[in-house]
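Two complexes come next, and they have one chain in common, chain A, joined by chain B in the first and chain C in the second.
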Partner chain A sequence: MEIGRQHMASDFGLVSLVLALMITALVPLLFLKHAAFKTELNYNSFYFFFKISFFLILSAFIFLVISFVFSDFSILAVYENSHIDKPLFYKISGTWGNHEGSMLLFILVISLYGFLFILFSKNLNESLKSTTVFFQSIIQLIFLFFLIFTSNPFEKIIPVPNQGLGLNPILQDPLLAAHPPFLYLGYVGFSLLFSLLLAGLITNQYSANWASIAKRWIFLPWTFLTFGIALGSFWAYYELGWGGYWFWDPVENASLMPWIASTALIHSILVMEKAKKLFNWTAILAILTFVLSLFGTFLVRSGILNSVHAFANDPRRGFFILIIISALTFAAFVIFILKSSRQGKDNASYIFLSREFSILVNNYLLIFALTVVIIGTTYPILLSVFAGESISIGPKYYNTILAPFVFVFLILMAIGPYLKWGKNFFSVVRFKFINILLVSIFLTAIISFILQKQDIVFWLGIACSVYLIISIIYETYYLKFTNLNYGRLFSHAGFGLLIFSITLNYFFSKEFTTKIPLGGSANYQDFKITFVNSFSQKQKNYEELFGYYEVEKGSTKVSLKPSIRKYNQPEQFTSETSIKNQWLSDFYIAMDYSKDPSNGIGVRFYFNYFIGLIWFSFVLITLGGFLGFIQRKNEKSN
Partner chain B sequence: MKNQIKIVILGLLVSIFIFIFYFGLGSNTKNNPQVMVFKKLPAIELRSLYDNNIKISLPRLNQEKFYIINIWASWCTPCRDEHPLLMKLGIEKKIKIFGINYKDNQASARSFLKDLGNPFYYVGIDPDGTNSIELGAYGVPETYIIDSKGIIVLKHVGPLNNDVYKKILTKIE
Partner chain C sequence: MRFLFCIFLFIYFLSTQLAFSSLDREIEIYKNIRCLVCQGQSLNDSNSDFANDLKKIIKTKLDNNETDKQIYKYLVERYGDWILFDPPIKTKTMFLWLIPLLTLIIGFYILRKKISFSKD
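Now for the complex of A and B:
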């Protein structure tokens, strides 16, 4: 009985998926037929078909989850990625822990955004709305074809094995299991904006009004993407034993690229709405955001970067994704080139020190940062293709190039919101700026005195971020807490706080590697680390070595218990770090493996200054995005 | 006219993009299990299917010119299909075959060999599949040919067929 029910789930799943493909194909056909014969489209049934396709994809996904939960090993994807003894949570997350399932989730998110768009665009004119759904269904159709014909998640395996192949132990972590859905809700969410843009261009409705419609469809995915990036960063810190929050790793950069592009887009779309400028620029950013999201997925998943995320080891699948990205990019830019020149007459003149001028400059800075990240990420790939050389580009490249621009960026973020659309308002608010500047220089001097740090980069980093934070506090006070744009306030304050804590972390964090004999201790500046004890434990497939350390810094004393696991087959080490936080800072130890601990074990010790504030900043930025999404109507032209 | 130029430039850029990343895809073999081919066999120790107290290592140096490693399981139907060819190789051609019994029930594995014949020189068990992963195996069945210096000279994923059988014979003879 049990087995019969299991197999039924997978059969229903496959049927739902094939039906979804057919219904999805119907949506654009219906639209084209009416466009060709110039008849009136029956909008209700048109949207109805799209909604049906959403529910079919949703049910296919649910059936796949059921197959994973009940360990139906007649499905290849379940057999290869699951195991009867896995905890329920990892059985469920195993659904998207493989190429096929994650592609199904990808399509589900495309469809979900289309579905939400239909539901929440009741007042939109039908031509724009239906054309958007038309483009969204085309994207959905392309990926459904890809899924069914190259990576069918319900592919059968005959005969049915009685046990699955399991999952790499490193990948069994709750944060890791949770971050792909959030990243997808971000990445793939930009597809709707992409469809909306193409619809706006095709129907000649790409205008300031379009910008106010489109705004909310950026905030939502942007919020999810920010949260997903924060989760990934948090995971690398706590689980991977990397000792920091950001490494400019290609996989991290892949998610940062669409984030930067969409951040620029959020701002340029405001200019388009309020000042009726930057039309072409906004369109390019909207295309770029979605294309970079797809490109990020391609980089991470195709195996072109050697990473824990590389699922699609079959180069043929990578090639298909490459063709899909190229075709969508080409088609979108062709529509843009043909249609943009006819509408949205870009008024290219900018009033110096107007609101839109500050945003324009900020956009240039963001695009500069984006270029730096794209070059840093793809250059090693290009080099390995053409010169056969393997290099990796480290944090130094990014930090050196980006730091000076971040300072300018912060000042603009502080000043910009005080300026007025379309006029030079600077002379009116000049005194405020000078006052805030004096206060932040004063605070920087105090901080620098307390922490005993004299360094020009340190001063600049602290002064600029404090300047931004104070200007936000002042604005809140000045507006007497009424008519506030909470979305902007929270995300900007979060960004100011982020740079503030990164500066502190960068200058005051300690990292030091040494080998300490059992019972001995090591001194490093004002830290004293004592290796008190160690013991090892044999488990079924690994041996775990525990260490007990005491760290003293002045009067504070913390004890840390890191461990390291040595897996036998294949021989592989996973590090269990030990982290204790004191105020907002962390003491962090990761240890090496040694057969004979009495000879000494190598340890990596990190003192991560103000890391807690970095996580808090991520929360503020995410919250800002969310508030921007729900509070969007309140922002009247000010 | 101006638009056409733009579109041509766009097309060129997209083609360059495809070209570069297509070759990027092709050049990566890091995750491909095929990489084990022409590498030295890793040290693998296996308990015997017939007596769990006996444990032997797969030979990394031997007098034989070549020998075969075959990964199989009683629950695997393709293994059943390829079995006659293994019998030919092991019994008729007298080639040493080391069997790795993959994630299997030992009793059903023994009855499998009792029913269909035992072509193996030695059958080791791999209950949790870790030894097979070390060999770079995808799944079952898989067949490897090892030369006298312990180098993997040929790897076949999936059941043996007549073509592969001939390939193995030409390699060995």
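Now for the complex of A and C:
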């Protein structure tokens, strides 16, 4: 009885998917037919077809989730990535913990954005709206083809196995279950902006007004992307057991690339809206953002990052994604080149120290940062493919190149919003800057004195971030909480706080790796770690070894209970770190596996100074994006 | 504009010179070395036999007053560039610094052309 129901779910899923492909194909055909015969398109039925395709993809996704929940091992993707003994929650999250399922989620998000766009663009003129839906349906169609023909999530396996292979234990974590959906809501959300851009160009409506419409469709995915990156960072902190929040790992960089591009876009589109300049550049950034999102997906999905050889094992998928990226980029640039010359000429000049000038410099710095991240991420791949040489690029490369720019960027973020559109207003507000500068230097001196730290980089990091934060507080006070652009205030304050806490964390965190015998203790600077006890426990799908540790620092004493899990299917170790926070700082221990704990267990101890503030900054930045999305008028015109 | 740029360059070079040199030298070296048997971890983050053995070797070398350069050279000769997280500057890795520098210069040139200094 139950077996039959399981199989039905997968059959329904496949049927929904094929129907979705057909209906999706119908949408652009309908549009083209009316365009060719110059007849009036019946907009309602046109949108209706797109909505139907959305619901079909949604139901295919739900049927896949059901197949995972009921462990239908007749489906290859379920067999390879699930297991009967797995908790229900991870059976569900296993749906997108593999290539096929995550590609289906990817398409679902493309469709969702198209659907939301139709719902929330009631007042938009029909030509722009329908053309946007047309482009969105083409993107959807391309990826549906890709999904069904190269990575069908409902592919069968015969004979039906009794047991699955299990989900990578490192992915069995509540945060990581939520991380990919949010990342996709960000990444893939930029597809709508891309469609909107092409529609704007094609229908000759790419104007300042277009910028006002498009803005919220940048804010929404940007917010999700920011949140997704933050979740990933937080997950890495407490699950990977490496003690840090950002490792400049290629997978992290893959998500950072579209984030930087879209951040530049959020700013340049303001110039387009308010000053009616920077049209071409904004279009290029919009294309770049979406292309980098796809490129990030390619980097992560093709397996090229973990090992170049994994790519060769299944070159088809990676190859197809590359083709799709190239085709979309090419098409977008052809449309852009053919159409852009008619609108907004970019030979306008920008007055020194005007608001647009500050945004221009912002974009300059962001593009520089983007270049560094792209080169640092792709160069080792290129070198190993073409020269057969392996090099590693670690945090030091990025930190040394980018850190000084961050300081300049902070000052710019503080000054920029005070400047006026279209004129040099600097001399009027100069005194404010000088006052804020004095206050921040004073505060930096106090902080430096309290923490007993004399170091130029430390001073710069603190002074620049404090400068930004003070300027925001001053602005809030000065404008007496009226007419404020909360989106900007929150995200800028969040960024200032982020750099402030990163600086503190960088200079005052301690880390220490050692092996302590049972009952023994280890000293490091003013820390004393005692290994009190250990025991192991058998669970349903893993064996867990616990350790009891006591850490003393001066008069503070915390006890930590890290563990390490040895999973059966597949056999793999995951470290469960133990973290105790003391105000905003964390005591953090991760331990290694040992067959004989009495002989001693290797531990990694971290004292993470002010790390709590880093998470809080991420929240502020995300909140800023969300406020930018809901606040309609978010920048005054002059 | 030129004045601002000079200040910026000054801060930049100052901070690259000083940056990240203040921490514990031993840990700094461990952090810069990939644990070859682990997944993406540095020597500092690992307790594997490989990491522990290599740490012992490096510790001895530090005690013998060898410079960072000598230690890295020793490691690269045995394991290749892959082991260093901070890539060495060679002809093949030059682009890692050249391309960002080029972006910086070209960007600055474009900015300079776009900006007018007229006061109104």
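As a convention for this text, the second predicted complex is superposed on the first by the 584 of 638 C-alpha atoms of A that agree within 3 Å, B and C clash if a C-alpha of one lies under 4 Å from a C-alpha of the other, contacts with A are read in each partner's own complex, and residues count from 1 in each chain.
The rule is simple: a residue touches a chain if its C-beta (ideal position, glycine included) is under 8 Å from a C-beta of that chain, and two chains touch if they have at least 3 such contacts.
Here the structure is a predicted model, which means the values were calculated and not measured.
> Just from the overlay, do chain B and chain C fit on chain A, or is there a clash?
fit
> After lining up the shared chain so the two structures overlap, which partner does A:S302 touch, if you call chain B first and chain C second: first, second, both or neither?
first
> Of the partners chain B and chain C, which touch A:Y397 in the superposed model: first, second, both, neither?
So A:Y397 only meets chain C here.
> Who does A:I323 touch here: chain B (first), chain C (second), both, or neither?
It touches chain B, and chain C stays clear.
> Return first, second, both or neither, reflecting whether A:A387 touches chain B, chain C, both chains, or no partner chain.
Touch status of A:A387: second partner only.
> Is A:N162 contacted by the first partner chain B, the second partner chain C, both or neither?
In the superposed model, A:N162 contacts chain B only, not chain C.
> Under the stated touch criterion, which partner chain does A:K423 make contact with: chain B (first), chain C (second), both, or neither?
So A:K423 only meets chain C here.
> Just checking: does A:V334 make contact with chain B only, chain C only, both, or neither of them? Give me first, second, both or neither.
first
> Which partner, once the models are overlaid, touches more of chain A's residues, chain C or chain B?
Ranking chain B and chain C by residues of chain A touched puts C first.
> Can you work out, in whole Å, how close the C-alpha atoms of chain B and chain C get once everything is superposed?
12
> Which residues form the common part of the chain A surface touched by chain B and by chain C?
The answer is that chain A has no such residue.
> Which chain B residues qualify as touching chain A in the complex?
Contacts found on chain B: 3, 6-7, 10-11, 14, 17-18, 20-28, 30-32, 73, 75-77, 103, 128-131, 133-134, 139.
> Across the complex, what residues on chain C touch chain A?
Against chain A, the touching part of chain C is residues 1, 8, 11-12, 14-16, 18-20, 22, 27, 31-32, 34, 40-42, 44-47, 52, 80-87, 92-93, 95-97, 99-100, 103-104, 107-108, 111, 114-120.
> So in the complex, which bits of chain A are touching chain B?
Per the stated touch rule, the residues are 80, 158-159, 161-163, 165-166, 298, 302-304, 306, 310, 313, 315, 318-319, 322-323, 326, 329-330, 333-334, 337-338, 341, 381-382, 384-385, 541, 568-570.
> What residues of chain A sit close enough to touch chain C in their complex?
242-243, 247, 249, 349-352, 357, 360-361, 364, 367-368, 371-372, 375-376, 379, 383, 387, 389-397, 399-401, 403-405, 407-408, 423-424, 455-457, 460, 507, 511, 513, 515, 592, 602-604
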